[in-house]
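Both of the next two complexes hold chain A, though its partner changes from chain B to chain C.
Moving on to the complex of A and B:
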């Protein structure tokens, strides 16, 4: 167990729309240690991104609102009881950098890459000259494997491909030497071949800068090779968490099992079909106090519908946590 | 850069073609108007021989294409012909009236653009607040009010009742700047109503749209201050489409000045054109339509070129 870098406790985030309230994040606690790669996995619309955006306090307010939660980053209190404490602009970028899902639209179309670098770097280094910032930017582009970095600095985003733009965004994080990089579906919009390159790149940077990485994804297959620990999210809650080994080889929650069955295996028998999880995630505006996975659960017991939503509890003694009534007895032992 | 030159070349060519097309249109429209200019001028009781003589002098007996050709030829020689009604040289008339109109329209468009952008930003950054709602109501009202109506109302209020401002005539700023301001203030304000409100509303909408874009989120996520995000990152993206809108509003201002000059008795191009239409003074109408179109087309060309300067996508890809 390394030194705790990010600690998030009891985060609750809702979006107040006309006529309904969407409970996007329902009491989520998680942490990231130094030098650790943590994956947050789940289907679309289960609150993964909102959780990370809330850490950065980037959710649109209104309609979104952080209702509760204590977030501490490297000893700095970011949120206490859902209220912002620190000046986020001191943290954003230079301490925690974020990489987004949509590289095509995440760079400002009317400014040169280089100028965007200069602004990002100078936002945190008051004394830095434009020239120095530009040089650092070019160096970062070089580090993320962009050829002709100096030339690319003078390009506009629309002159670069999607994979290239994602590299530029990663280069922002590199140039800032952030302690934590939150990558929100960093490869979803990219070609499969580029996906692997981007993941390798992130791992390189982690090694070089001694940073930690949070990868948010719906693709368990993608993170299985890279993540140290995995959180599985469903309907705004963490339903299972543990080391990658625990989750991948010994999944407990029916949802995690379902996710794993839905990942194609290259060694598997060609005739075996992928097993999808039937149905779709519930609307986060219409949740009752029962288990949110109940309608889709293949392993539900007769007693499940009458019980309150299961809480996340440690299964065994090795930090493997699961929220499911199937393990009520074992946990109680 | 090369494709930007091509882009500009294309715009210039299009502008020339537009003016050429307008010249044909202006010529035809005037010649298809009911009424006989010669009869109007000489009076309906006049001698047939005198009428024929004047017709001959004005080339009105020649076929239309020949008349058009002679007219254009004259223009290239700097000769717009003579006003049938006033008897004076048209080039001289234009030189006299055009500055008057420009002293109304140029300040009007400048004020509209500057104020429009400021109001739009204020509304967007205070979205939903009392300021936003009040300004939005005012802007919508301004956009809907007819110029002749509010013009007369302003004359009554500021000119007749309060006696703050004169409401007839015009003084050139080169003669007496203070008097120019006093005379031109009301027409300028009134001409600005529609363009100002259109620009303000568009800036507000664009700003609200841009502020939700992914690249703004990126800027926020990297700790760039909200001020810089608003006035640098967002504003440039907001203003690019506004350039097109300004080009459109130039037309609306020219149209507005037509009414404003009439209402405030300003001796500008628009007032001259109204008189000429009423008097069937065809050469003056043709000349003025051409001159006004030239200015509008030129303003549009200028804004198209400016578009490329502001938007790198146009500059580098040539607008493809």
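Moving on to the complex of A and C:
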């Protein structure tokens, strides 16, 4: 195991709406080691993005509020008991970079790429001249494989294609030499051949800068190709975690199993029916203290409805964690 | 089983003019679809696959006459749909329906699910009592796996999967023979995606529907389609049985597309070979000369830049649009 880069413990985030409280993140703990690719997998509304936004302290307050959680990044305490400790402006964008799904909305449409580079770099490096920042930006664009970097610096975001825009955002992270890149659905808006290029680029940068990457995605194929470890989220909780091999070849939680059965596989017998997970994810405003997956679970026992929500516990000794009552006995052994 | 194709598309072309200024001076043409031909038998599913901008959606819309085509023929039961007069077309257009990608954008937010379906149902002009209408709409709701009470809800009160079911029920209200599914599952979560795919397959078995399934997800298309067309920049580059798509791809673009898609199977993913494509899809405004794929093709030769290849139908079930595919596949099999 490598050096611990990011450690997040007992994170709870809720959104207080009129008449209801949406418990978006319910006691999530996870960590990222240096030089590691970690994937957070789940369906829409499972809290995977909110978790990452909370790490960056980008949750809009109100309505959102971080209720509890201790987050440490490379020895710096970011959050203690849900309260911000460090000056996030020193960390955000500089040491931890975030890449969003829709690259058009994360770039300012009325400024040239180059000027946005200058702003970002000068915000993080006091005393850097505009000229230096511009040159550094052009170098970063070149590094992420954008041809004619100097020319592109003078372009507006709308003049670039989706793949190019995503590369620009990666270039921001490269220019700041971020230690951790959080990529929230980085390739969902891109075509598959471009998706492959962007992901390869991220992996190259990870290798070159010795950084770590968190990929938030619903694409299990992407996870299988790139991730070292996986966290599976459902209804604001982590239901299973482990290495990619453990999760993808030997899933334990009924939700993970269901998810893997629901995806059409290219090598499977075509005539075999897909097995969907019946029903829909629960509303995060109407959760009780039982297992959130219970209404959709195909493997539930008679005793499940009477038990409290299962907690994430290690299954075996190799770091494979699962939160399900089915494994209560085996874990106790 | 009849072997007559229910839909036959011949050399379909959709070109959009590019104009500039107040005088609308013609400055160029976007060849969105440029000579596409395929046919589908009754009760079968044909998949049209490609990346964004390859013309797959436009092909679907041109069959429905939702965009005007610039050339070619679309036969529905051996009648040319594109050449029909408006009134003739009105008679048959209920027989070809469409399901859209974004189920929220394609449903009227001010109408309940019931009235969305009812509106389409009564548009055929047949006389019905209101009890008959209610009965028929409720039957449709049940057929797509919703309860009758769901009819009272408005689109914003439904989940993505439920909205897509309403979209399907609305298409079925016309008693169609052909449904063009334009990316019907790509906006849905994986667990819901499987529900909709299974529903579409069930309806096909029960009602004998024919699908033209437009999508970019190859695994989904392989699962649902019998036959697949791979499109690139307005042309079909390869057609094959869907079983052969992953086992016997011949065109270099198909190969690259398949290798670009990460597969879920962990061990397979770690061992399989990958071809990485350089660059992005060129704009259809400045189509490359010769073979449209040659600037990105790892195997391109001089001839590819000069001449456009034609469909090689040596194997009538598996035509390929490439000069050198035979040599390529010899090399790789050795």
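The criterion applied here is as follows: the second predicted complex is superposed on the first by the 332 of 333 C-alpha atoms of A that agree within 3 Å, B and C clash if a C-alpha of one lies under 4 Å from a C-alpha of the other, contacts with A are read in each partner's own complex, and residues count from 1 in each chain.
The definition used in the following text is that a residue touches a chain if its C-beta (ideal position, glycine included) is under 8 Å from a C-beta of that chain, and two chains touch if they have at least 3 such contacts.
Predicted, not measured: the structure shown is a model, and the values here were computed from it.
**Q** Overlaying on chain A: chain B and chain C, fit or clash?
**A** fit
**Q** Of the two partner chains, chain B (first) and chain C (second), which one does A:75 touch, if any: first, second, both, or neither?
**A** A:75 sits against neither chain B nor chain C.
**Q** After superposition on the shared chain, which partner residues are touched by A:172: those of chain B (first), chain C (second), both, or neither?
**A** In the superposition, A:172 touches chain B alone.
**Q** Would you check which partner chain A:56 touches, where first means chain B only, second means chain C only, and both and neither mean what they say?
**A** Only chain B; A:56 stays clear of chain C.
**Q** Going by the touch definition up top, name the partner, chain B or chain C, that contacts more of chain A.
**A** When the residues of chain A touched by each partner are counted, C comes out ahead.
**Q** May I ask you to decide whether A:19 touches chain B, chain C, both, or neither, giving the answer as first, second, both or neither?
**A** It touches nothing on chain B or chain C.
**Q** For A:123, decide between first (touching chain B), second (touching chain C), both and neither.
**A** First partner only, chain B.
**Q** Taking the superposition on A as described, I'd like to know which of chain B and chain C A:108 touches: first, second, both or neither.
**A** Only chain B is touched by A:108; chain C is not.
**Q** How many Å separate the nearest C-alpha atoms of chain B and chain C in the overlaid structures?
**A** 8
**Q** Which residues, counting only chain A, touch chain C once they are in their complex?
**A** Touching chain C from chain A are residues 43-44, 161, 163-164, 191-197, 200, 218-226, 244-245, 248-249, 258-267, 270, 273-278, 280-281.
**Q** Using the touch rule from the top, collect the residues of chain C that touch chain A in their complex.
**A** Where chain C meets chain A, its residues are 51-52, 159, 161-162, 189-195, 197-198, 201, 216-220, 222-223, 242-243, 246, 256-258, 260-269, 274, 276-277, 280-281.
**Q** Okay, in this complex, where on chain B does chain A touch?
**A** Per the touch definition, chain B meets chain A at residues 212-225, 228, 232-233, 236-237, 240, 310-313, 316-317.
**Q** For a test of understanding, state which residues of chain A touch chain B in their complex under the given definition.
**A** Interface residues on chain A, with respect to chain B: 56, 58, 60, 88-94, 97-98, 100, 102, 105-112, 119-120, 123-124, 156, 158-159, 169, 172, 176.
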